[in-house]
Amino acid sequence: MLRQFIIFMALLTGAAASHVANDANATEPPLSEATEACLECHSGATPNIVANWRKSRMAQTTPALAMQKDSLVRRISAEKVPEELLNVTVGCAECHTLNPDKHPGTYEHGEYQVHTVVSSADCSTCHPVEKQQYNKNLMAHAYGNLVKNPLNMDFANQVNGSLKYEAGRLVHALPSPETESDSCLHCHGTNMKALGDLEIENEDYGSVVVKKLSGWPNTGVGRINPDGSMGACTACHPRHIFDIETARKPSTCSQCHKGPDVPVYKIYQVSKHGSIYDARGKGWDFGKVPWIVGQDFEAPTCATCHVSLLTDPEGNVRVQRSHQMVNRIWKRIFGLPYAAPMPNSPDTSIIVNKDGLNMPTAWDGTPAEKYLIGAEEQGTRKAEMRQVCTSCHGSQWADSQLRRLDDVIKVTNQITLASTDILLKSWQSGLAKGPGKKDSPFNEDIERMWVKSWLFYSNSIRLSTAMMGADYGVFDNGRFWLTHILYKMAEKVRTESRQK
Amino acid sequence: MLRQFIIFMALLTGAAASHVANDANATEPPLSEATEACLECHSGATPNIVANWRKSRMAQTTPALAMQKDSLVRRISAEKVPEELLNVTVGCAECHTLNPDKHPGTYEHGEYQVHTVVSSADCSTCHPVEKQQYNKNLMAHAYGNLVKNPLNMDFANQVNGSLKYEAGRLVHALPSPETESDSCLHCHGTNMKALGDLEIENEDYGSVVVKKLSGWPNTGVGRINPDGSMGACTACHPRHIFDIETARKPSTCSQCHKGPDVPVYKIYQVSKHGSIYDARGKGWDFGKVPWIVGQDFEAPTCATCHVSLLTDPEGNVRVQRSHQMVNRIWKRIFGLPYAAPMPNSPDTSIIVNKDGLNMPTAWDGTPAEKYLIGAEEQGTRKAEMRQVCTSCHGSQWADSQLRRLDDVIKVTNQITLASTDILLKSWQSGLAKGPGKKDSPFNEDIERMWVKSWLFYSNSIRLSTAMMGADYGVFDNGRFWLTHILYKMAEKVRTESRQK
Amino acid sequence: MLRQFIIFMALLTGAAASHVANDANATEPPLSEATEACLECHSGATPNIVANWRKSRMAQTTPALAMQKDSLVRRISAEKVPEELLNVTVGCAECHTLNPDKHPGTYEHGEYQVHTVVSSADCSTCHPVEKQQYNKNLMAHAYGNLVKNPLNMDFANQVNGSLKYEAGRLVHALPSPETESDSCLHCHGTNMKALGDLEIENEDYGSVVVKKLSGWPNTGVGRINPDGSMGACTACHPRHIFDIETARKPSTCSQCHKGPDVPVYKIYQVSKHGSIYDARGKGWDFGKVPWIVGQDFEAPTCATCHVSLLTDPEGNVRVQRSHQMVNRIWKRIFGLPYAAPMPNSPDTSIIVNKDGLNMPTAWDGTPAEKYLIGAEEQGTRKAEMRQVCTSCHGSQWADSQLRRLDDVIKVTNQITLASTDILLKSWQSGLAKGPGKKDSPFNEDIERMWVKSWLFYSNSIRLSTAMMGADYGVFDNGRFWLTHILYKMAEKVRTESRQK
């Protein structure tokens, strides 16, 4: 602790001193005239938006200054930034009046052509590499991967729709647009369209006319922006600080990755990684670029393993930053009945398996190989992840752990097959209706039990092994429940067959 | 970060300097003689109580000094405080010997007339506005709203009672007083009564005689104190620091608002608000009064939206502090089968609906309108909450979000109607007993499924929309489970009807 | 806050100053030659291991210096430490080359005889008291208590095994070793054995030959180390900082104590204790020895009540440190159908009840008294815990709370009896197979419902009372679910009996 105190004092004094020097020599990074105009009203109208932005890095530098940094510490990936943006801070107007012609949602506001929704295409003006990489993730395609896949959409509709009870039967109605925006599409992203004008009355500022937007508000990872670009950067770098610190903290990922269908945050919390983060993380430096293993942090967060540029204390790069998170993921272990290799293309709606469905595996688990990455690409990605593991663990540790993941995939896939066999028998023997009778496969008790067996339990077991949070995979949402629900399904079929 | 460091250093130096100055000029706020007597033994007997109190604001000022502050920063709401309390710190004796005649639990201790349980009436000596406002909340009436409503009490008894299995039937027994104190009444509050004397043997201090108390310990929000007053201020401002910081943190609310019946904390955690709080909250100032949007905090906690006085950085008030939390709540969206407007009176045991039950809606969802607030009052409260929203969000954002809440109330109410129709059919056809056969509506499988459909699932869906934590309302405790349990209920009725 | 600032500044300046003084006078604690050799490669090969160790107390002192401290502040319990370890930091080589002959996993690495897995026996070189105490806990015996008890192992196998669906029946297969390591044994500990040689290829360092280990990685509390010793100290003091701070934080315990079978962390979170920890804990000193009530912390964590040495601000000892956590636990309230007194011996596989099973209670709840602690020992342990309670609470508070625990044990044991009676009737009437028909008692729907009734619900109710997190024991995982599942079980037996 003494040692840490003195280092802290040194840093503090150094930092303060150098900042004083800066202040003496340098002028504050200049605001554009347009941004100054925005601030005039919005400091009072939406004070937190302005106050947050003032704390952001974007308010404290200019693209020109940011581009001068060495490649490892640089936070801007553009080689060239439009002249007019170079020497002012990235303020309100720089983003909200960028590319007005490309935004169907542009409206006149004050003297400016403004759009409400800043798109990932706007952000890529300064961060093109991140945008390009991000587009190669399933997450960027999360809207289409749900909406363009009839089976997925049927599931979403059965889950989110409304129900009436008439003549002893439940009658289903499709979900309202509000419900859709506030259920699956909250995370997957809405399809945002600029509609007509919208007049807003404000006591202090009078009447303002803006553009009405469908699917707004939304910060889903696969949001279709009004300009057609995919993804909301604010899903992980929230407005209006847009910081790397927040994106590196596991609570950010937990917004979409905490439920029983994809409980990675809950598993992280019962893992040794999560325990150390919880106990000691408050002393770590989440803002440093590059992120130095053991110095800036002592145990990984989600970002460490999946995204960040990591170096050792001597400055040697262990892994490169990549917003193409799939670079370190070789198997798809959640969201689907069977685990399978990752798809070739992030647009999974193009997959057709041997049963004719847009799923990477058939009812019996056979992978639709031509749409999935091969052994070599899987090896490359696994090696990249192993490079992260061995920053903190010996080789035998890492390899044994990875072998456990191979095993758990095999075992859970086999149990999914058993579960599916029970479902198929239930359909064949007429105990449930299913697609053979032109009914949804998601609206009867046994069908939902089948969904739980893989969507909740098998997935959780796999994830708990992948992330070393084993406790979650037994009693919390795993093996106890998986085997129980199979016993229940089998008994149900047996009993009902007898009664028939 | 550099900027933050220098501000931090400046604050640090400034703060330290001004404090030194204070120390030089001012004397420590004086303790009363009585409090000094308390401390003599209790520093050793219950060291943490004393140590915590020493850290409290009450130990560091006097009512007279506290009353000199300007209205916005003032933490004491009394216009007049009894002479003898004015110029000493608010110490042990000031609270525990206050109004001895009003406390049936008063006993002689040392040379003083002491009562163990400090009541909300005691606190209102200095904080009368807060007490008066708080009394208008359902929470203040949480004990009576449970105990005086026969339907609620039947539910509590069925949930908390004991069971034996005799001759193929479960035999129910009422819960013990200990179980009652430690289940529903833990949060709702116990009915505390002073009983006879209680002798306590202590190795170091010898025998001490105090008053025995029923329902103790308890810090429930609707606790009936021995002096008849309602509420335990320590529910949110825990002993013996009583700080505003703790009350403003979401973990405080989570003590009673985390379970599947009212999972607001879990929803907060998967909302963008909660994610930002988790990632950045450690740097916020939770002790500042007034609480400055964007400067003291960057995203809301429970208190921000429901209680706190908020100003913008220029000092303009956005919303006034109110311990009458219902001021910003227009619909009651949890704890009941159907969402409905808030009640006129916080005592909900007086409501009688068209079915003759003390519930704000009938079996078919019809609201008992005469007991509920009208459209105008709903509008006023909604506008007050919207004023909080627009501190950080544009008007269209806020309005669309509020519209989603309207929609989700409509949809979940409709599904509750379907669930209730299945239950009623089950009773009508004799598949379950229910109230028509003088049986409890809460002690059969289908009845509990019905309870889950609204108490857990519909409520969670509504809350997840209200708080923008959509993920929770789908797979965690929401739409997936709601539709599944309705399919299950309908199948059960169909199968059992066939077998009959 | 001002007061805290100035204290903080004083501490900061003092600490810095004294450290500078230290640095001027003292030399850095010396590394052994062997450790220097380790660091040469491993700083680059596994940077986080090295960086973490550098932050540890072990890297900043020597056993000789640590032994000079006064008894209350001492962190090393050995009276005598081997000569060659006395005057160097406890570095890589000091642990990983200790007692090479006792480690079947020793291999030649560089010029040294190295073993990968540092055992609790290795740690006891400097910490013998902790090791000796720890061995008397059930946790130290967690491997054998599971594996040597046929009933427990049958349960584990039914939960973790694989399933196929053949001819209308589920066919069970035993879990793979990987699954075993990654389910129950993750927390209970694996049985680690040194196997043959393992060659590891490394791009930067060439080929390295180490010893292959079964059950690796693992940090379970009852791990059987290759040298035969029990327990992984790293379960609570994680590598390579091994700090007391982490062990004192509740997230550490939550790694194994969070699921529905033993949800102590979740209960803590909704208790007042957990709420205060969450709201204010970031300002507490988790590293101080002894741990001063009210000064270093304001509300208890797991360690406070179960392990730590506590003093009051005057330095009077309230309770002694003990790694024999059972010293403050008198009843066993989770993991078993019925709550019962703690066992005499931490090896519970030796217990035989009146039904001939290795369980502390019979099917009807009768305790196997001869294997369980008597009333006097229970009283001693309860008094030790009460001594912790009264640091912060009055005697009546503590005693009433302890009485609630007595009551909840009685009530939940009675409901377990009802649940068991339903199960037995189910077996007797042939509705389920059970042990009478040589079948497992854990592989049918009603059997799993019975398991849930006690393993999840009764246990959670008891724990929620014990830890004053009542909310969890009602709707989250408690009374609502317990009574519901009993209604369901009773209905199932009634319906199926009728149909037979």
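We just call them A, B and C in the order they show up, numbering each chain from 1.
Heads up, the rule we're going with is that a residue touches a chain if its C-beta (ideal position, glycine included) is under 8 Å from a C-beta of that chain, and two chains touch if they have at least 3 such contacts.
Since this is a predicted model, take the numbers as computed values, not measurements.
Q: Given that subunit B and subunit C are copies of one sequence and touch, is their interface built from the same residue numbers on both sides (over half shared) or different ones?
A: Different; most numbers are used by only one of subunit B and subunit C.
Q: Would you mind reporting the rotation angle for the C-alpha fit of subunit A onto subunit C, rounded to the nearest 5 degrees?
A: Rounded to 5 degrees, the superposing rotation is 120 degrees.
Q: With chain centres taken as the means of their Cα atoms, state the distance from subunit B to subunit C in Å.
A: Between these chains, centre-to-centre, one finds 33 Å.
Q: Which subunit A residues touch at least two other chains?
A: Residues 282, 499 of subunit A touch two or more partner chains.
Q: Under the stated contact criterion, what part of subunit B meets subunit A in this complex?
A: 1-6, 9, 269-272, 274-276, 278-280, 282, 293-295, 298, 312-314, 316, 318, 390-397, 400-401, 403-404, 407-408, 411, 414-415, 417-419, 421-422, 425, 464-465, 470-476, 478-480, 483-484, 486-488, 490-491, 493-495, 497, 499
Q: Which residues of subunit C touch subunit A in the complex?
A: So the residues of subunit C touching subunit A come out as 12, 15-16, 18-20, 22-23, 43-52, 54-55, 60, 116, 158-165, 168-170, 175-176, 178-179, 181-184, 186-187, 198, 200, 202, 208, 210, 212-213, 216-217, 219, 238, 241, 243, 245-246, 249, 251-252, 254-256, 258-261, 282, 287, 443-445, 448, 455-456, 496, 499.
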